[in-house]
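Naming follows writing order (A, B and C), and every chain is counted from residue 1.
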Amino acid sequence: MQSYVHVILAGLSSGMFIWLVASGLTLIFGVLGVLNFAHGSFYMLGAYCSFTVLKYLGAGYWAGLLLGPLAVCAAGFVVERFFLRHVYRIALPYQLLLTFAFVLIFDNLVKIVWGGGALSPPSLSFLGGSVPILGRNFPVYNLFIIAVGPAVALLLWALLEKTWYGRIIRAASSDREMAASLGVRVPALFTGVFVFGTWLGALGGGLSVPYVGLLTPGMGETIIIEAFIVAVIGGLGSLKGAFVGALVIGVLSAFGTRFFPAFDMALTFILMGGVLLWRPQGLFGATR
Amino acid sequence: MKAQTRNAVAAAVVLLALCAVPFLSGKFAIYLTMRIMLLGIFAVGYNLLLGQTGLLSFGHGAFYAAGAYGLGLFGVHVSTHPLLGVAAGVAAAVLLALLVGTLCVRHTEIYFAMLTLACGMMAFSFFWNAREITGGDDGLIGIVRAPVSLFGGIRMPIGKDEQFYFFVLFFFALSVWVAHRIRHSPFGLALAGIRENARRSEFAGVPVRRYRLAVFVLSGAFAGLAGSLEALLESNARPFMAHWTHSAEPILVSLLGGLSSLAGPLVGSAIFVAMREIIQRFTENWMLGFGVVLLVIIMGFRGGVVGTLSALFRKATAPGEG
Amino acid sequence: MGEPLLTTQKLSNHFGKVCTALDLDLSFERGVLTSIIGPNGAGKSTLINLLTGHLPVQAGKIRFQGRDITRLPIHKRVRMGICRSFQIVNVFPELTVAQNVMIPVLARAGRSWRPIRSLSRETALMQETEAILEKVALLPERDTPATALSHGDLRLLEVGVALAAAPTLLFLDEPTAGMNPVERVRLLDNIRQIAREGRTTFVVVEHDMDVVFSLSERIIVLHRGEILCDGTPGQVRADAKVREVYLGDDVSDLFRYREE
């Protein structure tokens, strides 16, 4: 019993990271129609920038969490405003490959700036330590993450459903031309949404610093695949789907790692294949 | 007919140059040219799927790996005859492509890309985890280059790189010729129609899904051929061949050279391999440069190297109009 | 005339709460040029989509030359002889005019699967392609990419591609939309001539009353998914229900043709 609960909790916390990355990915896809391969790189940059603030500016953890992702937003702005914006109307392969080009660029920039080796961040004092759950210790920070995930979900839901700004975003995403003719400055809106999505991904990266304990230039690649799978399973463009998908994948992966280590990697892919065969548009996706 | 003869002449020149390489250059250049040809086979087959039919698959590395492991396992357990090994590798790739294709082809665009990505990574995971069969992350070892024995008692040794080179060249020329014929066939035109307008193709009486599956399997066969040749070249097969970053190579290379021509993927392969070798001497981060090149191409030169050059050539030789 | 080409039995379709087709019982005879008219939202496009396989049938049956085709996929219906053109030009953009028309020609001849044979060797089929291009007066443009054509030529190509599948029954969805009067006359003459040759039966969806009344032998009027009137142009003109539905400008158009 105890190990099951711990596995579930571990799965929930890793799932929440995937949710944070997938939320930005889904938002960007839902509004702009672009699948951003470089989103994993923003996650990675978020982690590295927060780490830098922590270590070199000597500021506290919260300062790192605040400033790091903001720095990454600048990168997101440049990518959308000067590059992505010009390829919206072109065929899908070119869009995907453009974002892939940025993956190559960012991954290597990180290696140049921060070195190719792994970095270990200083340990956390505030949210550090662990609490006993059912007789075994579980890190406090992970519980914190399990709380942050739904908080972000709630924030996004409130933003999109309850605010005037959110209504405009929803309108522009379903009909670009109509929104423009109603006076919405669609290009600026798209840039804003892309930067916000980037911020979400980078925030995930910043939050991951104490969690993973080690920063490597490859960390973007692994999480982007998981975020893709989650987004596809949930239905591309559906935030609700991404949240549910992240929970499911997180918990299932945790069970997989713990009880079936041989199938670890394949499990998530098999699940995605299964879902798509049953419902080609994902769990909550729109039927085209 | 002028363009046709011009292309035929160019092809003949390239073929002759390729034949001359082992006699005119050192070991490293021979090896490099073989790697270019292998990537060229992979890419030219892949471009039948992407450039001709408009389907973006992120999992073709799985078929490359199937070719490599197919040949390797055949060689270790059955026979080391190279031609049979290649046939086994291609057969393995075709079977896998049939399976994956049937699953994926009913989806379009993004979901197709994601599903093929997933299938590729599942294959990667299988090759990585099935240690007893595939050797796991150490790769499959013990692959040898036995002499090619044909009817009439002819035995052609391919142990040395200079000899194996012609084995590779033979399959390279064959692949390019087959790809060329397909592009200019009724099937090729139907594929182009599917790329341009799949819905209209249905209404023209073209069985779209069936043709998509056919070209998927065909491009998988090319990938399997390249994979089995690499297994012979490097004497091993590695799980990484199925990883999505390897699957991305024919995509990048075709885009670099130009999606709409036969020569595009080949030119792209040459540039890619050459760039990697040269720049890797100076810095570990050569992929950064490649990313920048990719960016430049997508933003302004979507025809790729070949497309941009032929457009310039046409403008230069145009009869003095504005 | 013998057995009708196409019949429907209680064909129905709805999108959510909106009914676009209600228990339609129709039959189309060989050689009778029919027009389908009706105000916006009457269900004209839905009907064509259902008959050609673009939209899956929710209720009812469709029979073509005696065979039940209700569940048949699009490309099989095309092989049987039912084809359509589109309201918004829907051709193969980067291919040349000749290539556009050749695709259906090859498919119909069962030759589109051949992967090694060179296209240039298919001389018989190339001649057939050129014959079709001549019928729609596009032969001089055979090597022009579709993206470089004028709007009028594009609409001709649209019909050409549909014709190339050698259909027995061809549905044209607003073929003259956006054309200028000269182009319109040319297209109508082409349609009349091809119809006279007898191999293709046309069913045309149109808004333009000129086209409808000068071309058709039979007019079907749809309204809110139901058949309001079905008969000769004279019968339709005289029908009280039709007049009621077409209140306004269109009514005067209808009456104008009394003087024909």
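Brief remarks follow.
In this text, contacts are C-beta pairs under 8 Å (C-beta built on N, C-alpha and C of every residue); 3 or more make two chains touch, one makes a residue touch a chain.
Fair warning: this is a prediction, and the values are worked out from it, not measured in the lab.
Shared contacts of subunit B and subunit C, meaning chains that touch the two of them, come down to nothing at all.
Relative to subunit B, the most remote chain by averaged C-alpha coordinates is C. Taking the mean of each chain's C-alpha atoms, the chain whose centre lies closest to the overall C-alpha mean is B.
Chain centres here are Cα means. That of subunit B falls 43 Å from that of subunit C.
Here the CA centre of subunit A is 33 Å from the CA centre of subunit B.
In this assembly, the C-alpha centroid of subunit A lies 49 Å from the C-alpha centroid of subunit C. Counting partners per residue, subunit C has no residue that reaches two or more other chains. Residues of subunit A that touch subunit B in their complex: 35, 83, 86-87, 90-94, 96-98, 100-105, 107-109, 111-112, 116, 221, 225, 228-229, 232, 236, 262-266, 269-270, 272-273, 276-277, 280-281. Listing the residues of subunit B that touch subunit C in their complex gives 178, 181-182, 184-190, 192-193, 196-197, 199-208, 211, 214, 218.
Within the complex formed with subunit B, the residues of subunit C that make contact are 52, 73-75, 78-79, 83-84, 86, 90-95, 99, 102-104, 106-108, 111-120, 122, 161-162, 164-165.
Across the interface of their complex, subunit A is touched by residues 50, 54, 56, 103, 106-107, 109-111, 113-115, 117-119, 121-122, 124-126, 128-129, 244-245, 248, 251-252, 255, 284-285, 287-288, 290-292, 294-295, 298-299, 302 of subunit B.
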